[in-house]
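Labels for the chains are A, B and C, by order of writing; each one numbers its residues from 1.
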Amino acid sequence: MIRYALGRLTSLIISLFVASLVIFAVIEVIPGDPAAFMLGVNARPDTIAALRAEMGLDQSLVTRYFDWVTGLLRGDFGQSWTYKTPVAELIADRIWVSLPLASYALILSTLIAFPAGIYAASRRGGPGDITIMGATQLGVAIPNFWFAMILVLIFAINLRWFSAGGFPGWSDPLLAIKSLTLPAIALALPQAAILARVMRSSLLDMLGEDFIRTARAKGLSRRQALWRHAVRNALIPVLTIIGLQFSFLLAGGIIIEQVFFLPGLGRLIFQSISARDLIVVESVVMLLVFTVIIVNFAVDLAYAVVDPRLRAKT
Amino acid sequence: MSILRISDLSLRIGPVDILRDVNLSMNHGQIVAITGESGSGKSMTALSVMGLLPRGAVAEGQIMLDGVDILQTPEPDLCRMRGNAMGMVFQEPMTALNPVQTIGAQVAETILIHEDVTRAAAHARAAEMLERVGLKVAPSRYPHELSGGQRQRVVIAMAIALRPKLLIADEPTTALDVTTQARILDLLQELVREFDMGMLLITHDLAVVADVADQIVVMQKGRVVEAGPTQDLLANMQHPYTRALFEASSHQVQLPARSQTALLLMVDQVARDYPLPRKGLLGPRPNFRALHDISFQIGHGERVGLVGESGCGKSTLTRAILGLEDVQAGQIRLDDAPVFAGKRPNLAVRRKMQVVFQDPYSSFNPRHRVERLITEPFHLLDDPPIGLARDAAITKALQDVGLSRSDAGKYIHEFSGGQRQRIAIARALIIEPELIIFDEAVSALDVSVRAQVLDLIADLCRKRPLAYLFISHDLSVVRTVTDRVMVMQAGRIVEQGATEDVFTDPQHPYTQTLIAAVPQLPELSHATDPV
Amino acid sequence: MSRNLIIGAVLSLFFLVLAALSFVWTPYDIEALDIPNKLHGPGGANPLGTDHFGRDILSMIMMGARTSIAVALVAVSIGMALGIPLGLLAAARHGSLLDELIMRGNDLVFAFPSLVIAILITAVFGASAVNAIIAIGIFNIPVFARLTRGAALPLWERDFILAARVCGKSAARISVEHILPNITNLMIVQGTIQFSLGILAEAALSYIGLGAQPPTASWGRMLADAQTLVSIAPHTALVPGFAILLMVLGLNLLGDGLRDWLDPRIRVARV
């Protein structure tokens, strides 16, 4: 188990390293002179020179990359050009919207998908299965941002149960959660549809396995065999999808934040793109990728908890 | 008193008749064997008794177990009976266990589901039961850490944990090596006597049947064609099918005498290593030596057998001879040229060898027609036949193996298992190689089809001198189709010699164990027709 | 032929025809603004109503279908053209350093959701339909590479591959002759699913302004424009939304139907 974890940790570190190289290359190498790019075509040479000095562009690429990465490790993300504040502060303010939103959506999606998928598999071919599968077919096809607009139209504008957008801050946690509820539903339902389909088909695969027949021969009913033997085995492919979905929820959150005017990372990133504040874009993208890689690492560890064969493997 | 009585059992799945009027009965402490070829309905009979029929199956008749009619019992009551009044052991020990639960927990589950005992008590009894079935590993192990034979013992422990009245064993040893098979059969027989159970043994292996059964039921196409006490039935077979089945099981072929003696294949002190995973993160990669110091020769027109149990290195040796992988020591030469020529194969050597595999279902690309399948070896020729010459070659190859020209345009799924093996032989023969490797080529076939394919091989030997290496775990088959035999154990050849000599007077202890473990078919009461 | 297949084919074909038709004819010119005629509800001269500039929504849907289909189709083609050979190569060299590199590379791309790739590209090159294609296309490469490798590996274990090797065929030749024909169905089915995901991704990117730029019509763009009008003119949001929904639903049904028809054992990956 420890060797397995160490192995995954090694590939985690390598992934992070390569990802940081890619992001650094795209932001700081491809534009030519990032300072000139950030200031636009009409900038005065002395302003550009000032920014170059501030960004450390007079140093070599290797030194700049090294400074950037060690800065990241120390929590120093550099200084935003437009906001004139440390990027770390900008992110710290906004991450408390984006991360809870993605987590909220993931929890919702799992809570909906697991029972739906298990129920559909256990009633294969029955009316319940057909209804759930039909609903997931729709869920997979709905663009989440449009779904969000419909939710606003119904629940905020017509019924007035929720506010149409904005975020009141965490001083009142209940109110904060309430204002994240519609966005989380909009994010979660399409993902739940996918997850329920994966859960169902994975379970149906497992129900065809020999060990289910063995369990039935022991005297377990169909349902007992499903719950005691099929579900845990079916979790292995489901976990993979959950891991992938987190990255989609995080990225999808960027879009949903637009619909609900939430002050999250998405807003920050779009404002930075239009202001050509590359340092902020670079840091936020790195943070997103970092989170995705960490979540995938956690999923790898979860595999090992579920599957003893992986624990033994090197 | 009979514990199981099946009366007039008929079974349909959709429009297809699976079983017709099956009758049998069984007493305490008795072993009743149902035998027959694939599609005879023997496994479906077993599943009917368990009440585990596939969806859409409609059964009629009566299955009385200890006074209860299984076919009339509602599902919840059947659940209470399964594992309790009747237990079942399946064919595939590798997949029959839940990979994510410990073996102890899986055995304990049988107890927990039926009896109101504490978890700890159930686990203690499970451990006892695992010990009783001769398993010497801790109950906290997972299935993937166990060998096939060990896993089968776990499945048996699960099935008998509550001392059921009836144990159903569906091909319990088919997936196992012959020495493991002997031990599992011994265990099952012991348990039947000790627990005074009835055992319904489903097997295609007539030698096993003759060895262990008290009663034999022979099935063909869903019907019982003959049944009776083992000794009586063996001594006096009434039905022609029974007779044909037993004859095919001990089928002998007559090989023509060898006409040439020149050396064809030379394997000299060959060793083959596989790298194992690293010990530490950066430690050295240890090697696993799959072949040790292998030396033998095959002459032109010589028929050589290779026997050994799974994992002994047979497949590794096959790959090395075919020149698909390099060896770490020694050399393999065919007609005095090395068989392995680095990345780019030496076609001149390759065209002298072909291979026929075990599994007729995975041997062919399902998307190609037969003519394309069997002409694949033409790739080895510098100047492959085209047009009419190609057509003639296809026709001849198909006719040589008993198929017709019209089969060339078909896809492989249109053929039965036996026909597919014929096509595989046609593919191997089309470029007239010097050496053919038969890699368990008849192991997956029913006995009657196997007999036909063996006849075909003997026939081909008569048409032209053919040298082959016949690899099989089935000793009786090797005995009849080879001049010389080699016995392999753990990557070494422990014995080699003329086939009859090795079989009648084995020298190495392993060979002796192997031959002793093979269940023997009794001499039939009448002479086998000469071929 | 299942019901899925027929409904899916009809829906997909409907949008394909709309898109094709837009090259020769649309009811109105979508570049001509007609402010006095703005925000008309459906019916009358504009069957699907008009937007805040008075443009005909039906015409915009037709032009938008063209953008959606073009972006998704090219992106899926990029994914297939690069992903399938990579997957075949990784499977043929299973366990080698090359295989490891390809698979780790795939994992790395998976760490960048297509939206993040789009953000990176836009930050440097600006927003455009081409950049949306590149972002979605890059993301499709590992999808097809993984799927191909996953389907090819069990095939490489089959005896018929060994027979081909015995006949002296090279790994490349075997990949083309034996592996590829046996994974074609899977690729067709997955391609359909990726096509539908591409439509969704294009709509999302246009919605946040990282995709097609005005005056190019795009469904996502229409939704972005409709956002502030949703309470006074719901049809401006409903119509493009349903267009996306029906197109994606059609492609998904088509994919499922094709799977059932070609080979029910096919497993598609959907993320």
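Just so it is clear, contacts are C-beta pairs under 8 Å (C-beta built on N, C-alpha and C of every residue); 3 or more make two chains touch, one makes a residue touch a chain.
All values derive from a computational prediction rather than experimental measurement.
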Work out the mean Cα position per chain and let me know which chain is farthest from chain C.
-> B
Looking at B-C and A-B, which pair shares more C-beta contacts?
-> A-B
Chain A and chain C, separation of their C-alpha mean positions in angstrom | 21
Mind checking the centre-to-centre distance between chain A and chain B? Centres are C-alpha means, answer in whole Å.
-> 50
Per the touch rule above, chain B residues touching chain A in the complex are 50, 52, 75-76, 79-84, 87-88, 90, 92, 95-101, 109-110, 113-114, 142, 144-145, 155, 158-159, 277-278, 281
Interface residues, chain A side, partner chain C - complex | 11, 14-15, 18-19, 22-23, 26-27, 30-31, 37, 137-138, 140-146, 149-150, 152-153, 157, 194, 197-198, 201, 241, 244-245, 247-248, 250-252, 254-255, 258-259, 269-270, 272-273, 276, 278, 281, 285, 288-289, 292-293, 296
In their complex, what parts of chain B are in touch with chain C?
-> 322, 324, 345, 347, 350-351, 353-355, 357-359, 362-368, 376-377, 379-380, 427
Touch list for chain C against partner chain B, complex = 158-160, 162-169, 178, 181-182
Okay, in this complex, where on chain A does chain B touch?
-> 3, 6-7, 10, 209-211, 213-221, 224, 228-229, 232-233, 306-309, 312, 314
